[in-house]
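Heads up, the next two complexes both have chain A, just with different partners, chain B and then chain C.
This part shows the complex of A and B:
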């Protein structure tokens, strides 16, 4: 039985025997456009599970819907999750945002189906089969290229990139880990980050967004895919992830009992930059 | 000259760097106080802002300082193990490690951002540190008006 067939059978079984009240997956097509596109698919009727698909074009991180109250009210929610999304779910469990009484995982990989898993089983699968999920090679190469520039060149590069930001916050909406009910950018007493879609406000938003994901980001790439302006957000996420891994051995999303990287500490943390 | 004009003005020959030091009240602020009562002279370029703890010094404050045109920023607090609140400086240390990489990567020269531990007994260290940082920031020059982190007047 191939991946999609197994996925459809399990999803329909979950809905029909009442173990799940909602399945979130992907289907082909979108609002009247090409069939190669994959869009989120919310299923409550087992008969509709036949349209479920999973392949490499499915880039949206479906765990991001779990912060919505209307979704949370329909527990159990089954989520189709490739490895980066599984990591998001395990991290959300570590941060007490999801539990086994909210979510069940329909674990998929490249061409394989891993079955219906709970959080602990998902973490075990990740450690066993996907322990070496690294920062994408092209992101690492681009980070190295920019890091080799002078400070002025880097400033010029990011000025041009951030200038395009319209502050639509699609990056935030696409990210399952941006679950604050009131984001720092909306706090205006005082106004921490300028709301104007220009200049230093764009800089502060993009940098602080990356900082708030440091040691948490599972590098699923949904934010960059969602950005209508093509800002290379993954460079910032990748850099923060690289540093969190280098300095603090951060491996977010592999252990539902892990402590947050920023928010915990070790007395012997390396800090050679502090005089 | 209005503030935006002043910020955008070409650096004059006599460039004096503006440093902002975010310090914790229990150690570095007391250390700065000791530097004063001990009559150590140090560069007058630093504006000291006192916080209860380095754990309270949000990276947004550093960004705010650069937005407003600080040429350099120092964040300083108690040595590891000495935090008045037990662990505030340990938490701060983790944040700094990430923040400094992000700021450097996005175009803020590493010569503009400093972190240190200065205890209440280290008046000499504080005075020397401010002198050293002032010299380095002076060498780096004014924080470029074109930097993406910098607030600019509407055009």
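This part shows the complex of A and C:
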């Protein structure tokens, strides 16, 4: 049985026998007539599972929907999850945002279907089969190119990129890890970050978001894909991920019991600010 | 006919820039993406691709200072914010973008005449491009537009001779001034106009508006609301979305009042200070966006607040799009009409 056939059968079974009340997957097409496009697909009727599709064109991270109250109200929610999304789910479990009583994983990979998994099984699968998920090579090359610039060149590069940001916050909405009910950019007593879509406010917003994802980002790329202005957000996230791995050995999304780098400290930290 | 070779549009931009205009044009970047941006020497103009952003930001910027105050301890002195916009040409903008300006005009001259917007509007000359190519997301013809509409244009630019040339036709005096500034980049001659893009009508907008009036509680809203991620991208690329937020920002010496783009897709848009939110989920937020464009705005101003440019559809990660929503609504409306008609006939047959 091929991937899609197996996925459809399992999804329909989950809905039919009541183990899940909602399946979130992908379907072909969407708006317009673009059949090559893959869009999120919400299913409550098992008969509609026939339209489920998974392939490499499925870019959106469906774990982002688990933040929405109207989705959480329909637990159990079955989510079609390729490896980066599985990692998001395991990290969300580590951060106490999802549990086995909210979500069940329909685990997929490139051309393979791994079955219906709970969070512990998802983490075990990731460690066994996808332990070497790395920052994409083209992102690493671009990070190195920018790292080789002088400080002035680098500042000019990012100033030009951030100048296009209109502060729509699509990056935040597309990211499953941006689940704060009130984002720091919206806190105005005091106002930490300028809301103006210009200059230092844009700089601060994009950099702070990268910091908040350091050691947490599972490099799914949904933020960059959602950005209407084509800002290379993954360069920031990739750099932060590299640094978190180098300094703290952070490997987010492989162990639901692991404390995230940004949410933990060690009393024996080698820096003395903690003491 | 005033003609220009298709590969000489950058020369025209240079001539207009030399004449003192800020030139906004569709520019292709290194990755092949096309954005409307302020043209500078060396930028490649691309008229074949629909730009990712609309022309809105050049008249109604994402963030602008509308008030300024000098601060000195506890004293503050209001300072004048002068409307002194640069003379601007929107070069080769599509009819759906030009149509968007009519919606902004209506809003910024409604119960208050907005000096900053209107000064920018008056300083702007519009060179409309007869739309050469559409895609599956386009639906201008469903909302009263057309690929070759010249409404609102000062000058019209149309592809000719199989894309080798453009023909310039001035519509207004402002447009004639552009021809003068263009100088020797244009030449007199004859050319055969290429046909405009063909955009099939996808729905009946009047039927959509009628359905909206009776279906505030339709289950369709929930279906779309589930998929909507609540990012504000559609509203920011939309040529007509005009909601803004006012923010005060201060340093020790100066405070500014800013008008920033806002978005009805965001939860904070309607969040009250006390914690209540009358639009608690994306279901209500998305419904508001459709209602505003096809019901509330036409009721107030007599035009739909959607020009069918299709940008929301092209970039929505979840494919929750205005065109598709309207198509589904029109379909639901026609099903309703059909069933109520057959219902009537049924009753008639029963009547002795």
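Keep this in mind: the second predicted complex is superposed on the first by the 265 of 275 C-alpha atoms of A that agree within 3 Å, B and C clash if a C-alpha of one lies under 4 Å from a C-alpha of the other, contacts with A are read in each partner's own complex, and residues count from 1 in each chain.
Everything that follows uses one rule, which is that a residue touches a chain if its C-beta (ideal position, glycine included) is under 8 Å from a C-beta of that chain, and two chains touch if they have at least 3 such contacts.
Quick caveat, the model's predicted, so the values are computed rather than measured.
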State whether chain B and chain C clash or fit side by side on chain A once the two structures are superposed.
fit
So if I put the vertex at the Cα centre of chain A, how wide is the angle out to the Cα centres of chain B and chain C? Nearest 10 degrees is fine.
90
With both complexes overlaid on chain A, does A:25 touch chain B (first), chain C (second), both or neither?
neither
Which of chain B and chain C A:208 touches, first, second, both or neither:
first
Classify the contacts of A:174 with the two partner chains as first (chain B alone), second (chain C alone), both, or neither.
second
Determine, under the contact definition given at the top, whether A:84 touches first (chain B), second (chain C), both, or neither.
neither
Pick out the closest CA atoms of chain B and chain C after fitting on chain A and give their distance in Å.
7
Where on chain A do the contacts with chain B and the contacts with chain C coincide?
194
The residues of chain C that touch chain A in their complex are 29, 31, 33, 35, 52-53, 57, 62-63, 135-137, 222-223, 225-227, 229-233, 235-237, 245, 247, 249, 258, 260-261, 263, 266, 268, 280-283, 310, 313, 315-319, 321, 323-324
Give the list of chain A residues in touch with chain C in this complex.
30-34, 37, 39-40, 42, 59-60, 64-65, 68-71, 164, 166-174, 186, 188, 191, 194-198, 201, 222, 225-230
Quick one: which bits of chain B touch chain A in the complex? Just the residue numbers, please.
59-60, 63-64, 67, 80-81, 87, 90-91, 93-110, 114-117, 129, 144, 146-152
Which stretch or stretches of chain A touch chain B in the complex?
143, 146-147, 151-152, 154-159, 162, 184, 192-194, 199-200, 202-204, 206-208, 210-211, 214-215, 235-236, 239-240, 243-244, 247-248, 261-267, 269-271, 273-275
